[in-house]
Structures are given as C-alpha cells and as structure tokens.
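Read from first to last, the chains carry the letters A, B, C and D; within each, the first residue is number 1.
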Amino acid sequence: MELRKNYFADVRKDDLHEIGQPRPRSDSPGHVTGKTAFFADRSFPGMLHLKMVRSPHHHARIRSIDTSQAEKHPGVVKVLTAKDVPHNVYTILILIQIGPEDETVLADGKVRWKGEAVVAVLAETERAAQEAAAKVKVDYEVLPAVFDMEEALKPGAPLVNEYHGQNYYLYDSGECRKVRFGDVEAGFAGADHILEQSYQSSPIEHAPTETTGCVVAPEGNDRFTCYTNTQAMFFTLDNTSIILQMPGSKLHFVGGTVGGGFGGKVDVIVEPIAILGAKLTGRPVCFVYSREEEMQISSPRAAEKVVIKDGVMKDGRIVARKVTGYTDAGAYSRHSPYGAQKGAGHYPGPYTIPNVWIDTYCVYTNRTPSSAMRGFGVTIGDFALEVQMDKLARLIGMDPLEFRFVNAYRDGDMKAHRQPTEGAALIECMQEASRAANWPVAEKYMAMSSYRKGA
Amino acid sequence: MAIRRGRGVAAINYPTGMNLGGDPTQALVHSTPTGNFMVTLSSVDLGQGMKQIMAQICAETIGVPTDRVVVDTADTDTGPHCMGTFASRGTHRAGNAVIQAAREARQVMLEVAAEELEVNASDLETDGQGNILVKGAPQKSISIFDVALSAHFKRGRSISGRGMFLIPRSYPEKETGAMKPSTCYAHACTVAEVEVDDETGEVTVLTVKNVFEIGRALNPKMVEQQLVGGSWMGISHALYETTEPYYPNRDHGGTDFNQYLMPGPGDLAETEIIVLERPSADGPYGAKGPGEMCANPQIPAVANAVFDAVGVRIDTLPITPERILRALKAQAAN
Amino acid sequence: MAKVPVQFTLNGSEKAEFVESGTTLLNALRDKIGDTSPKGGCHQGTCGACSVIIDGELRLSCLTLAETCNGAAITTTSGLAEGGVLHPLQRAFLDTFATQCGFCTPGMIMAAKVLLDHTPNPSRDEVVEALSGNICRCTGYEPIIQAVLTAARANSQNAA
Amino acid sequence: MALALQTFPTVKDANAALKAAGTRYLGGGTLVVRAANEGDVSVSGLIRSTDPALSAIAVAGGKARIGASVTMAAIARHPDLGALAKAARAVGGPAIRNTATIGGNLFAPAPYGDFAVALLALDATVDTEDGELPIEAFLAKRDDSRAIVSSVRFTLPKADGFRFLKVSRVKPKGVSVLSIAAVLERAADGTVSSARIALGCMADRPMRAKAAERALKGKKLDQNGIAAALAAATEGTAPITDPIASAWYRAEVLPVHLGRLLLA
C-alpha cells in the first residue's frame, strides 16, 4: 500500500504522534495463540443445546404442531413454540420507529419462507436436540409462493406478508422512496442520446468463518448474561427486551470479539429465543447456527434489480438520470426498508446531474429475509451505475475514464437529495488511477480539482 | 481457444454512517492511578480492529503512547450505548465520541498538572510520550504518571470524560426526497485487468489497481488490511458469490464453503492499493469510513473489463462463466 | 449414553477423558479438555478452522472422532508458543498484519506449520496449496501467504 | 439414539456388525462424520475396522492393490503411484487428503469423487466380501451396497498413458465443475489403439465416455483426429446441476476441456 501524501496536503496536518502510525494490533497476539475468546469458547456446566425445527416449504399455513414425541425424547428439556414467546411478532427497526412489526420469532399459523423457524428444541446434547427435532410433527397446507419481484408487485400475486398487506414496504412517500431533482423528462427531451438498461443481482452471503450464535447463562440474581457475536450490543439487547417483555436491566450482553460480521450479525435472531430457553429452564443455553444455517437461513445481502435511464450529450454531459431500484427483502423487513431508502440517497452516484428521478422499492417475496451487508444499499447500485457509465461512454465514443471526469461531482455541487457536495475527492482518485494503471487521460482532466474556488 | 484480455474502470463514493435512522455513540474515558487510560464503549470489533483504533485515537487526544490505553468494549453492563458496528460508522462515530471524552479527561489532567506546576492549564501541552510540559519552557514538566497519582490521592479529581456523538436523524422529504443521508463520503477508483477464456467463459483477474480516498489513514497497516481484504471481496462478488445461483429459482443454494464460491488463495489478482487522504470536516482526525466502500468498485471494474475483453455485457451478478458463455454464444449467433 | 475413554498427548502433555462415543475430536478438545484454539467454523470439513496436527499430519478435528485418536500426539495452535516465546509463524502473522477477526488464524497456523515442518523453504505455490483447505473471509489471503513466507525466511536465517 | 462407534479388527467382523439397522461404515469421515454433525439422525451406529489390509498398498508386476482405508495423501506420495498423484491431489485440501480414503471416494456423490473418476478410467476392480467387481458395475449399484470395500485393484497405466483434469471455479482447491480421466494407448504410428475416458459430474456418479472412446480409436491426437471424439463427448451424459454449475454449462464445456486434455 502506498500513501500519496501530495494530494490534499494543504488541508491536512501530518504532525500527529499516534494517528497515522502503523501500531501493532493489540488483539493479534490473542489470535495467533488461540487465546482470543469468541462467544462459543465459553461453556457452562449443564448447558443445553438449542436446535430449530424449520419450515420445509416456501409458503404454507400451519394446520397443527405436535411436539409430544419430541418432548418425550431422552435428553429433551424443553420444546418451545410461538405461544411461549411473550411478544412473538416483532421487527428490529421498531427501535427507530420503522414498523410495522412483521416477523415472528417462532412461526404462528403460517410460514413465509423455506427455513423459517417453527419450533425450538432444547436438549442436553446436540444429538438429542437433533433427534427430537426430527420427531416434531408439523402439518402444513402449502400455499402458492412468489419468488420474482416483478411477479410479486403484480395484482393478484400471492400475499407474502399480511402485516404489510401488499408485497412492498409502504413509506410515508408511498410505495417507494422518491427523489425528485430538476425536470428529468425535460432533460431526456434535450439529450442527444437516451440509454435505458436493467441490472440484476442475486442474494449474497456474508459467509463469516464464525457462524451466528450466542451462549446464555442465567445468573443467580434473576439476570441473564448473553455472550454473543452481534454487531450491535444494545440493538440486540433492546429488541430482546421487547420480544421477551423483560426489563432491559435483567439482560447483560457481552460481545465484541466477532469472527467476521460484514453486516450478517446485525439481525436479532438467536439471542431472544436462547434467553427465553434459559429463562424457562433455568439452564445455560447455547444456540449456534450450523454452517448450513449460516449459508441459507441467515439474512443475505438482498438481490436487487436496478433500471437506469440516462440522457447524455455528445460532449459527455449526463443531463438526466432516472433510477428505479428494487430490493428483494424476502419474507420480512429486517433492515431492508432502510437499505432501499439508503439507495435512494446514494443515486445517481458521485456525478453532478441536473435532472434526477429516483424511485426505490422494498419488495417482499417468499425467500430468506435479506438484511444488511457491507455496502448496504449501495454495492449493487454502484455495479449498475458504473457499468452504465461504461456503456454511456462507449455510446458517445468517449474514453470511459475521461467520461467520468466530465461528470464527476466537485465541492459545492448540489446533489439530487439537495445536499451540497463537501469534501469531494473522486477526481483525485481517478487522476491517481490514471497514473497507476497507465490509462492516460487528457491534460485538462489531470489539471482538474475537486476544490472549487470560493466554495 | 483464445484467451482475451481487457480492462475496465469504475469510480465510486460511499456514505459514512446511518443518518436516516439517527446515529448516536457514546464513550467514557478515565485514568487509572498511575496514568493509564481506560476507554469504555459498547461498540463491537468485528475484526476490523476497532479496539486498536479507539486506543490510538484516545492516546493521540490525551497525549500518551497508545500502549497506555486499554479499551473495554461490548459489555452492556459497563459500556455506554453505541448504535452498532455497521454502515462504515464505527471509526467515525465511536472515534468522535472517544475524542470528546478524552478531551474532557485531558482538560482535568492538565488542570491537575497546572496545580502541581503552579501555572495556568492553558499554558501546558503534552509531548505524546507521557509528559506534560509548560509551553516554551519544556524543562518545567511533570509526568502523567505523577499527575494521575496526584489527582487520585492528593487533589481528589477524577481524570475522566464523557463523549457523545450524535448525528440526528434525517427524515427524507416525501415528495422531493431532500435528505442528509450521510456525513462524509469516501471515494475510490479501480482499474481491473482480466483475461477471459472465450471457450469456457472463465475469467482470471490479473490485476486490480485501487485508489481509495479515506479521509485519514489512522493506522496505515490496518487500513491496508481492510482495503486488501475488501478488494478481494469485491472481485469475489463480481465473479463468484451468491446463495441462489439460479435466482429467482430457489433451488441449488450452497450450504458449505465448497458450494458457496469465493476466490481461493490460488485465484488472487495482483493487487495495488493507493491511499489518498482528504480529511473530513467531521471525522475523528479527519477519518472517513473505508470498511465497506473498499469492496465496491472492483465489481463494475471487472464487469467492464470483461466487456472490454470479449464484447459481451453481463448485467447480472455474479458474472459466472456460464453467463459469459451464453452471451458469447448469443453474440456468435447474431 | 455410552462413554468411552480417550487418551492422547496434547501439546506434549497427557490427557485422558471420557466422552460420549461418536464425539468429534473438536468437541472433545473444546468442551472436555478446554483447548478452544481449534474453532468450529462449519463441522463439515469445508473451512479448516478446526485444523490440528495429529501425529505430524494436518487433520480436521471436526471430522475426526476423538476415540480414534487414542495414543496419538496432537498439536494445536495453543501449544505452539514455548515459554511465552511465540513460534516464528505466530510472530510472522503479527508482523505482517495477517489477522483480522482471528477466527481462521489458529487453523491457518496449523496448516502452515505442517508445511514448514516438511518444506522449510516453500515456494509461493506450495504455500498456496498448503493453505487451500482453510477459508479466510477478511484478509483476501495475501497477508497470510506473506506471513508464511516471512516465517520460512526467518527460519532459514536462524538455521544459517 | 445416540451415536456410537464400534471398532473391529477384521473386515469380516465389521461386515457382520453392519447388518444391524442404523449402521454405517466409517472410512475417513468426510462423508459420514459430516452427515452426523449436520444432524442426520438416521445413522446411530458407526462401524469401522482396523484391519491392516485396509491400509496396505501393494504394487507388483504392473498391478496395484490399494486398501480401502488408504488416504489420498498416501497415494499422492507413494513412489510407485506417481501417475495417479495428480488425481489424488485433486481431492480437497491437505487436511482432507489426509482423511479422505480411496474406499470412501467410491461413494462420494457428484461433484465429489474425482479419484473414483480416475479409477474408472483405469478400469479398476473393487473388492468386497461378495468378491471382485468391475468398478463400473460397482458404481452402478453403490447406493445399495452394504458390504465394506476392502481394496481396489487396477493395472498401472504406462508412463504418460494416464491423463487427468479437474476443472474447478476455486483454486487451487475447489470442487469440480467436471473432471476427466483418460487412459490412452497409442500404436507405433501415434494413433490411439485403446482409450478409456471417464467423466465426473456428467452424471450423478462417474461415467465412461464410451462414444468418445470409440471415436478416438485409430485417430491421431491432433485437432482433426480428436474432432469426432469431442463431438461425441456428451453422448449419454446427464450432467448434474448444482451451485457450482448448471447441467447446460457442464455439457457445453466438456468437449472444450476434453480437447485440451487430449491435445496436452
């Protein structure tokens, strides 16, 4: 890695003692000796293992659940169903007033995705829990499922989630989050060329080497200590408090050493049910996702569809950009309504475009609920935007790198969401890339700056 | 058979933080009797090295070496609230909270030192090595060790501070979408060079040259870790990863590391990382959040390079050999 | 549930325990013996985080039943440092900043140790092959490859 | 029922124990222990044998007999099995190769079982208490096979007569898109006098590319000579679709990779 200090030297002081120094990481000695304690490195005498009975169907009504054989299985201590969960219908973003509550901790009457948690089995050993889970009988009436976002938005599509009432998240702005800036149709009308293209992704897993999980120990004082690899301690504690209708003061969360997160450990999934198990049995409880669960049950990065329509001039200026983004939330909201609206705030990318129209939708389908991941709301959009930029440049016969200089945002430029640009550095990154990759651009671009005089 | 070569570029920016939800983080700092400093947080270290960075930020602010700072974090009984580690917010939000707390603690420390040295606190400075000096008269000094002892056992002062950094929630305006979705933005530009086997659709990423602008590299080696690993993940996203290979069909989802594809140690592109620093106005020592954005520009850069190599556009991720081969066959048929 | 005796040396010291038949070596080491340096990343044999060395061979403790290890000599990452002095591989992982979250690190070090025990001066390709059964999601592998090459160089310098 | 492992000194005793319901033979563990770890509760009894014959490698008179418990690593490093080292090293990473056995590989479902593809091309035979069976016949009925495989026998290929290719997305270790093993003999004029070509992932288990074999007979290993074989390569295949690749893709690239292997 090279630090290029010649850029922005005029706005930076390089006289610090500790900042900017390549100090050794204080946690590494623990890592290389195997001494670092991850949550699963704690075990307690009498600890129970929790295994989840999951839906084999993408969408089904639950006619009945029979746990009697599982309860009699040797080694089984407790079997939990929806009725055991004090506040079974929840949504994590309710803490920042993004509702409605739309997800069940344990399925109640219906399952909406293949893999949804239905019954929790707590037993003395993992094997006993697995054997008992196989004995839980659930009678399902299979319902039509929808997997394609466009199909889901059509009238008459199977309704995925009754708590929403339609297969999209209803923002205060309506069926989508909107950004309107300038007059996009006038921009298209005056453009030399129009290019409309569609981009698609499929779900992506964080795939941390350590799977999601927690170990819960009941303390003698009516409190519960939860060793967890959550990415957000109080987010998890406060949601658990709501789900279990238990004062937060009864909960003690210990974490902070996580075997990779990448956004995959911000959902509140394992902790509430494990703590409930510990509360109802008085025993320590361990609930750790198997690798298969991590890969297919834990929330992935959402699949997205992005449609971009651009109006561009022969000289390279983009004069109008319309973006329609669809985020495949799967069966429940989790963080997806936030991600979709974060996308609305990110488009049209780091370019100054006078006429912009953005609609971003959060769509429900019968698949594993998606949630946050590294680059949440932005990564797939950037793929779409930057491939579109390449196509536009070739359409008008410009060098793709030079084309970006023409449109790059600079300090003071007004963004579509009506914030002036501050601290821009796109131009300098491109100038340095031009040098590093031996991709020459015209001298006028190498002479550009993100600064604007007087800005 | 032809191995065809191409290159592509992409440029991106990335927002720091979770403004649309309201974004607070708190920190507490206090000294021990012998002048070591404890930072108490509830932020989570996912492996990106938050604990180390918070120690360096606290050390810089107090004016002691980093090895005199201990970070106690992610215990809800002791650490004050943090929204969480996501949205590239950890360094920025928690770092600002630590600076505020450390400044308050530093002020008490200087006041105690001033009493010991019989000067005004405003005339004192730290040398970064654990000593407090009178500005312009460095021979007149006291160690932070002695100041902490004095504070604890003689002056009855708590060398401590509280930090709270809140980005208030921005509510998007319903009709126009006017909002403040982020604080500062990090930037990147990546040039990728690939080879495509036009008989199998297999892609080899030969080189990626990444330029990242991240505000301030608080610890350059740790920044390098993030950026190198992120660049790998970006290539991985571009060419390999998905839980639903036949999306929207739900069948054949991978359940292990054999089936969930990511580049192995034999698939690594020659990776160049260049870092620029335009300090952000609101970041801790100018830092922005580099953790997420570093994995983004490789995806379109690789996609554009594939087009440059073989003349087909793959607008669906991941850009698998199958998608390329199908496109090449369609191209040949036309 | 039938318990069976297991007896082996772990990092040079004798261990004897009773475990349920069918218990993996990984679970026996972690839950019974208290050595949590091998990590359970998949329990499928696909991630390498549980790697240990059994009688000089790299093995996955999640696929190995504890009762099949009677009489074996087992090495784990927790046993590498001698008298508080880090093994050259551990030192190299620190110096090259080859750890991030740290979960894969003990397994990586095991895989690398077996390599260097047999091939003190490996080529880059040999290092890549040796690490090929171990997943890392943070680093992009390059720093880990560099750590192993650095340790090999340090070894050969010490030997010279 | 809880899991329990029983160990027997002879294959015969182990075979007898396998008659009990809910039992499965434990080879290296890459399939069976994994299944147990993942919650497959259909198996409660694991049976293994420490019979020394299972771990023996005997090479004499151009023939090899490899005990079923011999690992991929042991094959890869055996001085007399150098021709097969590439195929043995194609299985997993180093730790898996120290665990995975030749016997177990015969049972590994696609996309696994790359070494069995090599054995099929070698026209190996498989020994069980029921006698010696040609590998093709063994593979066809492996799902119903209860008898322990004790060893595998084959004639060692002539130097340079054995070719092996594994195509995977992830390097150096990844599971197969497909694998190809070929045993080729050539006449003095360079034409192919006999060919056995085996394919992995082109069906749910290793299979022979018999049409391609026929088309190769009497031909030179050059672009023209192999053309008919490549055109016939997918005949009779039913490639798997999995997270690695679709059946369509496997069928499309099989001739490409076969061609590269034959021309190499």
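By our rule, contacts are C-beta pairs under 8 Å (C-beta built on N, C-alpha and C of every residue); 3 or more make two chains touch, one makes a residue touch a chain.
Remember, it's a predicted structure, so these values are computed and weren't measured experimentally.
Trainee: If I average the C-alpha coordinates per chain and also across every protein chain shown, which chain's average lies closest to the global one?
Mentor: Nearest to the common C-alpha centre lies chain A.
Trainee: What's the distance between the Cα centroids of subunit B and subunit D, rounded to whole Å?
Mentor: Roughly 47 Å, centre to centre.
Trainee: Can you work out the whole-Å distance between the CA centroids of subunit B and subunit C?
Mentor: Centre separation, subunit B to subunit C: 30 Å.
Trainee: From the mean C-alpha coordinate of subunit A to that of subunit D, what's the distance rounded to whole Å?
Mentor: 42
Trainee: How many angstrom between the C-alpha centroids of subunit C and subunit A?
Mentor: Roughly 33 Å, centre to centre.
Trainee: Could you list which residues of subunit A touch at least two other chains?
Mentor: Correct list: 25, 27, 125, 127, 207, 257-260, 262, 290-292.
Trainee: Which positions in subunit B are in touch with at least two other chains?
Mentor: Only 46-47, 49, 221-222, 224, 228, 230, 233, 245, 253-254, 256-260, 262, 264-266 qualify.
Trainee: Enumerate the residues of subunit C that touch no fewer than two other chains.
Mentor: 1, 20, 22, 42-44, 46-47, 97, 100-103, 128-129, 131-132, 135, 137-138
Trainee: Is the chain-to-chain touch network here best called a line, a ring, a star, complete, or other?
Mentor: Looks like everything touches everything, fully connected.
Trainee: Show me the residue ranges of subunit A that touch subunit C in the complex, using the header's touch definition.
Mentor: So the residues of subunit A in touch with subunit C come to 24-25, 27-38, 40-41, 43, 125, 127, 206-211, 257-260, 262, 288, 290-291.
Trainee: What residues on subunit D touch subunit B, complex-wise?
Mentor: Answer in residue numbers: 169-175, 241-246, 248-249, 252-253, 256-257, 260.
Trainee: Could you list, by residue number, the parts of subunit B that touch subunit C in their complex?
Mentor: Listed in rising order, the residues of subunit B that touch subunit C are 46-49, 221-222, 224-225, 228-233, 256-258, 262, 264-266, 268, 271.
Trainee: Quick check: in the complex, which residue numbers of subunit D touch subunit A?
Mentor: 1-3, 38-39, 41
Trainee: Which bits of subunit C are touching subunit D when the two form their complex?
Mentor: Those in contact with subunit D are residues 1-2, 4, 20-22, 24, 43-45, 48, 51, 57-60, 62-65, 67-68, 111, 114, 128-134.
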